[in-house]
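By written order: A, B, C and D. Residues from 1 in each chain.
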Amino acid sequence: MNKLISIDEAVDMIKDGMTIMVGGFLGCGNPHKIIDKLVEKNVKDLTLICNDSSFPDYGVGKLVVNHQIKKLIASHVGTNPETGRQMNAGEMEVVLVPQGTLAEQVRAGGAGLGGILTPTGVGTVIEEGKQKITVDGVEYLLEKPLKADVALISGQKVDKFGNIVYFGATRNFNTLMATAADTVIVEACEIVEVGDLDPNDVVTPGIFVDYIVDGGAN
Amino acid sequence: MDKNEIKAFIAKRVAKELKDGDVVNLGIGLPTMVANYIPEGMNIFLQSENGFIGLGPAPEPGKEDMRIVNAGGQPVTIIPGGAFFDSATSFTIIRGGHVDMTVLGALQVDEKGNLANWMIPGKMVPGMGGAMDLVTGAKKVIIAMEHTAKGAPKILKECTLPLTAAHQVDMIITEMGVMEVTDKGIVLKEINPEFTIEDVQNSTEAELIIAEDLKKMEI
Amino acid sequence: MNKLISIDEAVDMIKDGMTIMVGGFLGCGNPHKIIDKLVEKNVKDLTLICNDSSFPDYGVGKLVVNHQIKKLIASHVGTNPETGRQMNAGEMEVVLVPQGTLAEQVRAGGAGLGGILTPTGVGTVIEEGKQKITVDGVEYLLEKPLKADVALISGQKVDKFGNIVYFGATRNFNTLMATAADTVIVEACEIVEVGDLDPNDVVTPGIFVDYIVDGGAN
Amino acid sequence: MDKNEIKAFIAKRVAKELKDGDVVNLGIGLPTMVANYIPEGMNIFLQSENGFIGLGPAPEPGKEDMRIVNAGGQPVTIIPGGAFFDSATSFTIIRGGHVDMTVLGALQVDEKGNLANWMIPGKMVPGMGGAMDLVTGAKKVIIAMEHTAKGAPKILKECTLPLTAAHQVDMIITEMGVMEVTDKGIVLKEINPEFTIEDVQNSTEAELIIAEDLKKMEI
């Protein structure tokens, strides 16, 4: 039951062609050390599920710049010009999803739901190819769950069982992605002993977490 | 008025729509400026869709913490009484109707309350971020923008760009006036005395309905 | 913006025939003081949405015993014999819902979703009268959102803006119901000043809460 | 064996199915007893659907805190490394496949893996609580029960009571043996040497398939 592994061991679990989820919002809450190692090891053809593609030199943006992403599922790509370039050049497939829908899709994947009905996107191009379902006279889009092979998340304080406490705005998609992948790896700013976290304060229970990497203060 | 004065003028007028206790989400750019004009003594709770409520001003230089940023990724602060949460909770607040007002810019807005502000096909495709949820879920949607883009109308009979949401816009505030989107069309409720009704109509593709009690736009 | 009210003022907002949600699980996390006052004022014909009907002499169970509930939506009623008696006698309508579905229905109500698709209940009597939707070859039940006129919840530490921190297993449905009613009233074990709670520890943001009642230590 | 010995025997055999690191949800009654027989040195995380993981033993008398109770409303404790959460998270764990094993009692179970354990129409309608979600979502569903009810079989060709879930039961453990539910039917894998195969079949409505390597049921 030792969940502590090295960054190398963590990145070795990520193979060419895998689907990965990465927590974070414009880099805030990205697991930066793991991403840097992923760039170094140059794992290819990844499908990346992330809120955004961050900036070219910050967080997940580096994976795009290094041409490691085959397909990106995100809500916003405007802060990384390289994403737009690769998208327009046909080098990378980009699926744009409303942010609240993306959050619910990841959550549904983790919660064993077959999907959720959202009013967001009705009457827009977002509804193309999707089932529309009317409930009590109102139209909704059926949005399907998302899952991944590996979720790479970050936490502020993490105990050795994987219980996570977050700080500030780093939480974003990290809590959701922790539930929705076959393998969940958390990069911890600080690792503490089991029992050091108040069970009332834990945000992500450790049962969701498979491995812990010491990321040091970010 | 120069560009900056126009923006400040619009932001000040938007601020007059705020009510004590409102939960408000401000889009990037001009809408963000509304925060500078919140009336004294009024409690407004700014929601940041990346995961908190109680958005405060930028920190002092040297006190930035990259773990506390706004939806544009810029360092900010949180006010006492604020709270951090994840993206699911953030959009429970947004989609669930717990945001009293959102203020956003537009590329185009039309007389049916349709809004286009997230892409120009083949040219600019930044993604919708949280905008589609915000426009769908907020109780009141205000579009705050310059009335035209390089002289071309942005308030149209029908949007031609891909929509952000259909039938959701409640109010449009520009440097020329304050307009309400109604079932019958766009009603000009207030006019900036620097302009005539003809000026406003000439800068607007949609046919304006002039309010019987048309007022002077004041800030 | 003063959210602090008396228990009398709180209960005066609840009128005969209203739909109320009450947080708690077999009484744990029920807002006990508000419930006692509701019994005293004898508000009638309520539709109650709660995980269960607790015990006859504890929490929401008292509302059942006092014949104040016209319709109960719950996942479990076995610990309160009076619920079964009234149900069998046709005195009270009882809708039994799987607990995870009830949680998602309340959450969907608060989150503006048109519903969720769950595998729970497929092939059982629970599917009667419900839309079945197949996603990627798997059958799910479409479960609709639930909302209420008033939600009565309880919190451990509550600041004067309504930010809530919970203790132990009292959390259960309280977090969800805080999002899903027109009026949300929290009974606080302890009331603290705005700024006393760390924004990283808040579980229910104060914007969801309309009124706060001082419940004292429970 | 008397009633209590039978229950303890079944609970001990169920405990042998546990694997280090498992997340387990135990139903009320006999299944709860499994917690008493977790092998030394094995880390098992008991989930309590009312809102926490890391269910510990009952508190010492006088140290009960009614804010920390199990899904039956009884005071319990939480072990170091445990965590409290709300009902939505609790059922994300349950429905989302994050529970490795659930152990439940049954009124009836059948050869298709159908389970009935939540109501007897017109007689006992306690509600399903979290059982339907547990049986649907847990990776492994074990039914732990006495083999018959007052001599009448509970393991049937087809359940007659309203189902808790269809096709979800993986294993049945009684005082007579250990059975696996397969596509072909119920396979008797282990038998309590106090009984013959005929004894077990006579107490079972469903036709049992006898495993080629039928083993002695040991605890």
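Before moving on, here are some points about what is shown:
We adopt the following convention: a contact is a pair of C-beta atoms (placed from the backbone, for glycine too) under 8 Å apart; a residue touches a chain by one contact, two chains touch by 3 or more.
Keep in mind the model is a prediction, meaning the values are calculated, not measured.
For chain pairs B-C and A-B, the one joined by more C-beta pairs in contact is A-B. A separation of 35 Å divides the Cα centre of chain B from that of chain C.
With centres set at the average Cα position, the gap from chain C to chain D is 29 Å. Between chain B and chain D, the centres computed from C-alpha atoms are 55 Å apart.
The residues of chain C that reach two or more other chains are 104, 107, 111-113, 118-119, 166-168, 200, listed in rising order.
Counting partner chains per residue, chain B has residues 52, 78, 84-85, 88, 91, 95, 136-137 touching two or more of them. Here, these are the chain pairs in contact: A-B, A-C, A-D, B-C, C-D.
Residues 104, 108, 111-119, 131, 133, 135-136, 138, 140, 142, 144, 165-168, 200-201 of chain C are the ones that touch chain A when the two sit in their complex.
Residues 20-21, 23, 43, 45, 47, 52-54, 78, 80-85, 88-89, 91-93, 95-98, 136-137 of chain D are the ones touching chain A in the complex. Listed in rising order, the residues of chain A touching chain D in the complex are 1, 107, 110-113, 159, 161, 163, 179, 194-195, 199-200, 202, 205-208.
Listed in rising order, the residues of chain C touching chain D in the complex are 25-29, 51-52, 55, 74-79, 84, 87-88, 94, 96, 98-104, 107, 118-126, 156, 166-176, 203, 218. On the chain B side of its complex with chain A, the touching residues are 48-52, 65-69, 71-73, 78, 84-88, 90-91, 94-95, 114, 122, 124-133, 136-137, 162-167.
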